[in-house]
Amino acid sequence: MPDSLSSGQQHMSLVVPGTILTNDTSNFMRGHGTYLDSTKTKLKSSVAGCILKVDRLLCVEPKHMRYIGEVGHVIIGRILKVDQTRWIVDTNSRLDSYLPLAAVVLPGGEHRRRIDDDERNMRQYLKEGDLVSAEIQIVHQDGTLSLQTRNLRYGKLSEGILVQVKSSLVKKTKNHFHSLPCGATVIRGCNGYIWICPPTAATASNEQEHHTGGYVRSIETISLDERKTITRLSNCIQILNRYSIPIYDTSIMNIYSASLDYEINQSIEPKIMDILAKQTLATQENIGTYE
Amino acid sequence: MPRVPVASEDERKFIVDGIQSDFRLDGRTSRMYRPVLLATDVVNTANGSCLLKLGGTIVMAGVTFEFTRTSQESPNEGRIEATVDGSGCHSLRIFGRQRHLFTKQISRSLNYILNNPKCFDREQLCVVKGHHCWLVHVDISVLRYEGNLYDACSFAMKAALSETKVPSLQVTHDEETSEVTVDVCDDPFQFGLLNVSNLPVFISVSQVSGIHIVDTTLKEDSVTLARITYGVKDNGNIVYMSKDGGGSLDLLNLRSMSKVASDIGPQMNSLLLDKIHLSKAKQPLWGHVNENLLFDDINFV
Amino acid sequence: MLSNTNCGWVDGPEELFDPLQFAVDLEMTDKSSDNGVRDVNSLKNDDRVFISKGLITKANGSSYVELGLTKITCSIYGPHETTTDESYSKCLLDTSIKFSPFSRPKRIDPLRITYENSNEMDDTEEAELCSMLEECLLPCILLHKYPKSQIDIIIDIIQEDNEANLLSAIVLSTTVALIDACIELYDTVVAKSLKIDSNLLTVCYMPNLAQVSSLFFDGELTTNELDKYVDECIKQCHILHKAICKVIIDDLKNKDQESKQTKIA
């Protein structure tokens, strides 16, 4: 993997596991990625990463690790199993996540009561392999995530491309649903799953969703132009991932416009990927888009 | 074929629609391969080796020599066998408990082309007729699997074998006792090369709703019903053929698929040869000390 | 020990069918020998076929097939509930093929341990035949009719005559056994291997659907030659298909008569 090209992190203090963070254990609280050694006098790091200090809380934030869910994150998951009253979902986190039937807007409106039939028909709404966009509702003690799709923005994802990236590249922002000017919708799942689909699916079906809850399949075929845009975006996001460039709507658009100089199938060639990644970084440094 | 879903129904529809309009998930056309990157002679301890990337699929091939006695059935031939190991590869898990069967099947296919006298001349592995020969192991380990392992393995095998240094030997024949003694030369710069010009490459042609595509990715595999793996020589002749995927084909499809394979086979063969030559030229530049070897694409050709 | 009379198959079948007798309407009795692809003598020997079903009564379906001198039994157990959770909607096939120790001139040691990672060519032969057989059967069985279940196919190779006939005989016996087990099939799949010089081509073919379910080739041919070979194989498959049809229809007729007789009695 090429080195991370992003710079400007020298001011952060980086540690390796076992580094003494502080001897003053009474004044600091143990956060993620730290442990108290056996003498209980030293606070040490347990992961490699940069030190994060929030008031008295001392954490070490690792660079690339499996996704750790937080309440409110927008994520994308794939249904692994249909259980009695819930779906078991793969969300790229340590443990499987759950989407309870009660946390889903079913066809027929939000306030419908759940009946036994719904339990029996669960596979009709979502079955093994299907993708959903959802929000994390609860993070349980052991790290299992409970999801919900009550908001009409969430729900089953239809046709499009899923790109898997490092979850650390997707930071939580106000909006995770982007209708890009190039003519595609991108959902940045905080768990590193990024969904690219044609714009109609998200905007036009906003009204539809009131009736279907997003669980009814649209039969429209995607035009070749839309497909080309989606594919180009997918290739571009894969380049961002490869070069560890944080993924925001701005960075996606930057690399997208840079890639327009090349054919779509050229953008999977390593040489072109290198050029595109460097161009994107250059433009981003000029504008200074991301914090 | 994978048993765990890698794509939802709608995703699959999207993939199939794309293939039908000759525009696949990464923008390729139906007859296009993902970029091939390779570096030969990457392992010091092996006589020949190759690290090959075919898109996201990464395989490593190593060739080692063993000195043994010739078999009775074929006294003037050496032996060669290939193994494919995927136990270290996490992404092969989609095959579940079928994983071993899958890699086994690839090694079997490789063995077929290695033991086909029209593809590989095993007489060049014979040291003393009726006495000693080389047993050549071609061990391939799968580092990452993102579709089309057959082709990647055969490319890596051909590249590794073409760069293999055969240890040179000194055979002395004692007339009186009619004993044959074989000594290995100490000079590391004295070695022979194998003739692999006839060795075919695998071209896997998949049929997706009437369209024939090559070099399928994992997601495309989930919509593939039938796939035929062809062993194609550089003259376009077919030397091996086997089917997987669990679907059936009619004769028309069968014919056009073999045409596709015999068209693409020579192209891939010459591409591979070019890359091997380039890699040979590049070797002195980095030697064996470059620690980024496996990671940096700059080292690949 | 079983006496000689109890296991009639040891002595060989009483009836032998020459497949060419069913092939009159295909007009290829003379053709195949004319174009010099195969010589007349071997044709007679290799293609003698005997098919019987219901040999192993404990099994849900079974068959005994002789193709040339290759003798194979096949028994089918299932469909029954599967122990694995790998399939929800489809049926799993579990095939096991075993060479009997005396099936070849050189004894095959039945105690030979078959390691997963063994490099012996012979060890993988059974596994290879298994995967070829599965590949050939998958398109032919209505797997979606048997969700959450599996079908066990157990094949015993009693005697192996030549390499070319083996897979063909295995597929033939499995098809007959599957029909005997009343498992729903799209078509009767038959296989034929051609071995000419060093080229070995096996084609598994479903005659009614005109679909090739599996194929295997080792040798060297140009694409045009290969097409010709495939055509030739498929012609032979049609002949085998007629033989199977005759056996099964005859068997059904017999059963029909038997049941009528018992009714009268």
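Letters A, B and C mark the chains in the order given here, with residues in each chain numbered from 1 onward.
Here, a contact is a pair of C-beta atoms (placed from the backbone, for glycine too) under 8 Å apart; a residue touches a chain by one contact, two chains touch by 3 or more.
Chains and their UniProt names: A = S1 motif domain-containing protein; B = Ribosomal RNA-processing protein 42; C = Exoribonuclease phosphorolytic domain-containing protein.
Computed from a predicted structure; not experimentally measured.
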Nearest-to-centre chain - CA centroid comparison: B
Chain located farthest away, centre of chain C as origin (C-alpha): A
Whole-Å separation of chain centres (CA-atom averages), chain B against chain C: 32
Distance between the centres, which are taken as Cα means, of chain C and chain A, whole angstrom: 52
Centre-to-centre distance between chain B and chain A (centres being mean Cα positions), rounded to whole Å: 36
Residues of chain A engaged with two or more neighbouring chains: 128
Chain B residues counted as touching two or more neighbouring chains: none
Chain B contact footprint on chain C (complex, rising order): 84, 86-87, 116-117, 119, 121, 124, 127-128, 131-132, 135, 138-140, 198, 206, 209-223, 226-227, 230-231, 234
Of chain A, residues touching chain B in the complex: 1-2, 78, 127-131, 157-162, 217, 221-222, 224, 227-228, 231-232, 234-235, 263-265, 267-270, 274
Chain B residues touching chain A - in the complex, by the definition given at the top: 5-11, 13-14, 17-18, 21, 23, 25-29, 32, 34-35, 37, 55, 295-297, 300
Residues of chain B that touch chain C when the two form their complex: 3, 81, 83, 96-97, 100-101, 104-105, 108, 111-112, 116-119, 226, 228, 233, 236-251, 254-255, 258-259, 262
